[in-house]
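Mind looking over this structure? Questions follow.
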Amino acid sequence: MRLKLKLATTAAMALGLTASVAMAEDVEVLHWWTAGGEAAALNVLKEDLAGKDIGWNDMPVAGGGGEAAMTALRARVTSGNPPTAVQMLGFDILDWVEQGDVLADLNEAATAENWDAVIPAAIQKFSKPNGNWIAAPVNVHSTNWVWANKAVLDELGIAQPTNWDEFIAALQTVKDAGKVALAHGGQPWQEATIFDSAVLASGGPEFYQKSMIDLDPEALNSPEMVAAFDKMGQLRGFVDDNFSGRDWNLASAMVINGEAAFQIMGDWAKGEFLRAEKVPGTDFLCFRVPGTEGVVTFNSDQFVMFKQDSPEAQAAQIEMAKAAESPAFQAAFNQVKGSVPARTDVSDEGFDDCAKQGMKDLAAAAEGGTLLGSMGHGHANPAAVKNAMYDVITAHFNGEYDSATAAEELANAVEGAM
Amino acid sequence: MAGSTRAPQDMRTTLQNWLPKLVLSPSLAAMLVFVYGFIVYTIYLSFTDSKMLPSYDLVGFENYARLFGLSAWTTALINLAIFASLYIVICIAIGLLLAIFLDQKIRGEGMLRPIYLYPMALSFIVTGTAWKWLLDPGIGLENTMHLWGWESFKFGWIKDRDYAIYTLVIAAVWQSSGFVMAMFLAGLRGIDNEMLKAAQIDGASNWNLYRRIVIPLLRPAFLSAFVILAHLAIKSYDLVIALTGGGPGRATELPATFMYSYTFTRNQMGVGAASAVIMLMGIAAIMVPYVYAELKEQK
Amino acid sequence: MSGGAQDQAVRTGRITRTFIYVVLIFFALFYLLPFFIMLINSIKPLPEITGGNMMSLPNEPTVEPWISAWGSAQIGVEATGLKPYFMNSILMVVPAVAISTILGAMNGYILTKWKFRGSDILFGLMLFSCFIPFQIVLIPMARVLGTIGLAGTTSGLILVHVVYGIGFSTLYFRNYYAAFPTELVRAAMMDGAGFFRIFWRIMLPVSGPIAVVCIIWQFTNIWNDFLFGASFADLDSMPMTVALNNLVNSSTGVKAYNVDFAGAILAALPTLLVYIVAGRYFVRGLMAGSVKG
């Protein structure tokens, strides 16, 4: 009896083992949502697929906002073993499109679920680059947000600023009161995040489009760009001395603890506030960077699908794409992640006030053509250009260039990187 | 040559003569493919227009021209020179000092030795955050000293573009100076005590004893330490990523981080390969004389 | 403990000795500092960290972060903690260390006792191979692993680590064996002992000290590797360092520093243990020959 049982267990184990290796209906997913809430949020998708008998082979690689994952991806593709789906951002997707025939075709799922109508065109630029859907956008983060400690503002009698000058005045008031006005971490991507807003605030959406997206050399080295760098210089004056190298989480913590008043950061910062049990509207405020209202600079995480050989794997891939775009998943995932759904037709029920605002802004911006890819997060121009821009922005922020030189260097750097 | 013998040419001897080469061949083959083959491949890539994935269209010396036109590359080379020379010199100095001190019949040597050695066991993926905090003036050492009442204490190097590179040296020295200590300690323990006694009878002071006799006898340990440290310095990558991420600005970029970022995050694999080739040439320039000396001395 | 039974040639006065102790203890504190920070912060509740002094001792110590890091922290979509990855690392490190050490010993033996024309040049080539920056081999290595069907497997990782470990292990054993009297080997040859027999009977029994050095070195390097693990591993073979990095480095997620520190110490425990347990043999092993040119 006991032996029989043992045999049965062994057999079951052996079966289980082969099943997990050989079962064709598995998806393998490379991503960098590796820790805490965002990883838990991804589990929603995993469970959903499990309900359809599709296994999930997780392949998380964190580090440098996906840089380590992109290196791993290159190794995987080179070794002829591409994952089913890869979390990817903006121009990285387009770079892979150029590599020839490595991506899958999701048109079947897209047509069935009518993605064309519900996903903003600015995002389709990445998910449907040559008229074919190759990626399933999961969320939209927007980067031109200010996070503020309400208690600090109330104490100092500061109202929510509505334009750039008011914002600067508010920062000055905080600084005069002996607090850190702007919590910031000196890492290139954080400076570039602020720069997105500085460009918008000085030249408006058309100028942003021309300089950051179309990379027009004249726009890059223009009085508006000098003004944008001047705005960076203004903000630099409100940052504390120890900003260099600080993680954004710690900068957020400064606002949460009331050491600092404001932080300019994408909407993922909200997670830190919510976890500290702060309530939007009562404990902290979220509003668009003054001078950029009406515009949304976004970055969107997408699952890019790589071509699979077997029909079973292809079927599983299509199922995964459909599941990722289902309104239920988009709502569940984004409520945890702090971003907003990539589909504009998802109900805002269950989202917090900041997210509700974000969803409204997104829909309006998509409608009005002011939904613009964030340069700081690789949605405005290719990686080589983005990093060349980072170099100049960071150098200027650290006092190496004055604003006029920085604008000139920006144009040169972009030209050099093309 | 020391070991080879000429024995009668029977079957067994022939086999015995071939066996060593046979046993060596897998390692050799692996090395030829995975080291030298890949080096040749990298050299080839450095002459192509490879961007995100390897491409095989030749573009001549264009990548090299671009490489040396980039100010970040010059910075990386200068940084490596500063970092490597300070790192090697300080590690050797501290290692030697600790080894000599520890060799004075110290009580608790068994306790101290592992404390000195353990940092070598940890990668900067493990200790990176702790170091970053420690060096950060806002939360680290400076802040702690202020809280303890030493108000004028200043230690903000990591935030200063001119000094940040030295914080890398501190952390790197922390990691490997204990290891160097062990190498010197081993060397010291290998020295014949009678010889030292004889010298002392001749009236040599402790200082002269070490300067004239002991340190020259440690020459092999110096060489080994130099090679291991040079190799660690050139490969330093985790350290930079963990501590400064190359910042402030790009003030602490090293060739290894430069190469990685151009190859993998900036999608300019050609330029990245060119920088790798320059690095390899630098390594060869240091290593070939060492290897040569090493082999010559054996004879 | 020191210098065998002979009494020390160098004598030191009381003041000098005090000075020596002060210096030694100062450096001990310097070496311990980062670890101390990791340790105390790993047993603090999170608010104490974000709101308090990094160096202060915990007010309400807790083992919660350790339990979470080991068994329940989110790593990827699974809330498994670091536990499953520990085994992956062991399965990769043990064979890789064993194979590279054995190969190194054989190579060292051949390059010193069975020299042939060109063997010195071969050694030079091997030595140089220690210095290759790993970043440049990623792409070609990926292609090779894919071609031979080892992409994403533990065997593939073992292969990579063995290949890039041979250089150092050969260096250690060669320098050690070079100091071993060749006459003994020659005498054994005269007695008719063959290649393997000499290695087995004469070289291996005296190789203990250097084997310890080589094993410590390889174990530490392979255990701590991140680059190869991140690029060439699958979920089933993902090593501890990659998992740790996933735990610590979430890009836009909230950070639990106490769990991060606990995880970091957990990931470092095996190498720490190896250094502390084998540390005493380490100096002995270095002493026995590896530092002699």
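Here the chain labels run A, B and C in written order, and each chain numbers its own residues starting at 1.
Please note the rule applied: a residue touches a chain if its C-beta (ideal position, glycine included) is under 8 Å from a C-beta of that chain, and two chains touch if they have at least 3 such contacts.
The structure presented is a predicted model; accordingly, all values stated were derived computationally and were not measured.
Under the stated contact rule, the graph of chain-to-chain touches is complete, every pair of chains being in contact. Taking the CA centroid of chain C as reference, the farthest chain centroid is that of A. Remark: chain A and chain C have CA centroids separated by 37 Å (rounded to whole angstrom).
Here the spacing of chain B and chain C, counted between their Cα centres, is 15 Å. Listed for chain C are residues 138-139, 141, 245, 248, each touching two or more other chains.
Residues of chain A in contact with two or more other chains: 64, 71, 74, 78. Contact of a single residue of chain B with at least two other chains is seen at positions 53, 264. Residues 51-53, 66, 69, 72, 132, 136-138, 156, 158-159, 161, 241, 244-245, 247-250, 261, 264-268 of chain B touch chain A in their complex.
Across the complex, chain A meets chain B through its residues 64, 67, 70-71, 74, 77-78, 95-96, 98-99, 186-188, 240-246, 382-384, 387, 391, 394-395, 398, 400, 416-417. Residues 1-4, 6, 8-12, 17, 20-21, 23-24, 27-28, 30-35, 37-38, 41, 53-55, 103, 106-107, 110-116, 120, 122-141, 144, 162-164, 166-167, 170, 178, 182, 185-186, 189, 194-196, 220, 224, 226-227, 241, 244-245, 248, 257, 260-261, 264-265, 267-268, 271-272, 274-276, 279-280, 282-288, 290-293 of chain C are the ones that touch chain B when the two sit in their complex. Per the touch definition, chain B reaches chain C in the complex via residues 1-5, 7, 12, 16, 19-21, 23-24, 26-28, 30-31, 33-39, 41-42, 53-54, 94, 97-98, 101-106, 109-110, 112-123, 125-127, 129-131, 133-134, 139-140, 143-144, 147, 174, 178, 182-183, 185-187, 189-190, 193-194, 196-197, 199-200, 206, 209, 219-221, 223-224, 231, 234-235, 237-238, 256, 259-260, 263-264, 269, 273, 276, 279-280, 283-284, 287-288, 291-292, 294-295, 297-298.
The touching residues of chain A, counted against chain C in their complex, run 28, 31-40, 42-43, 46, 56-66, 68, 71-72, 74-76, 78-81, 141, 247, 249-250, 253, 257, 266, 268, 271-272, 275, 338.
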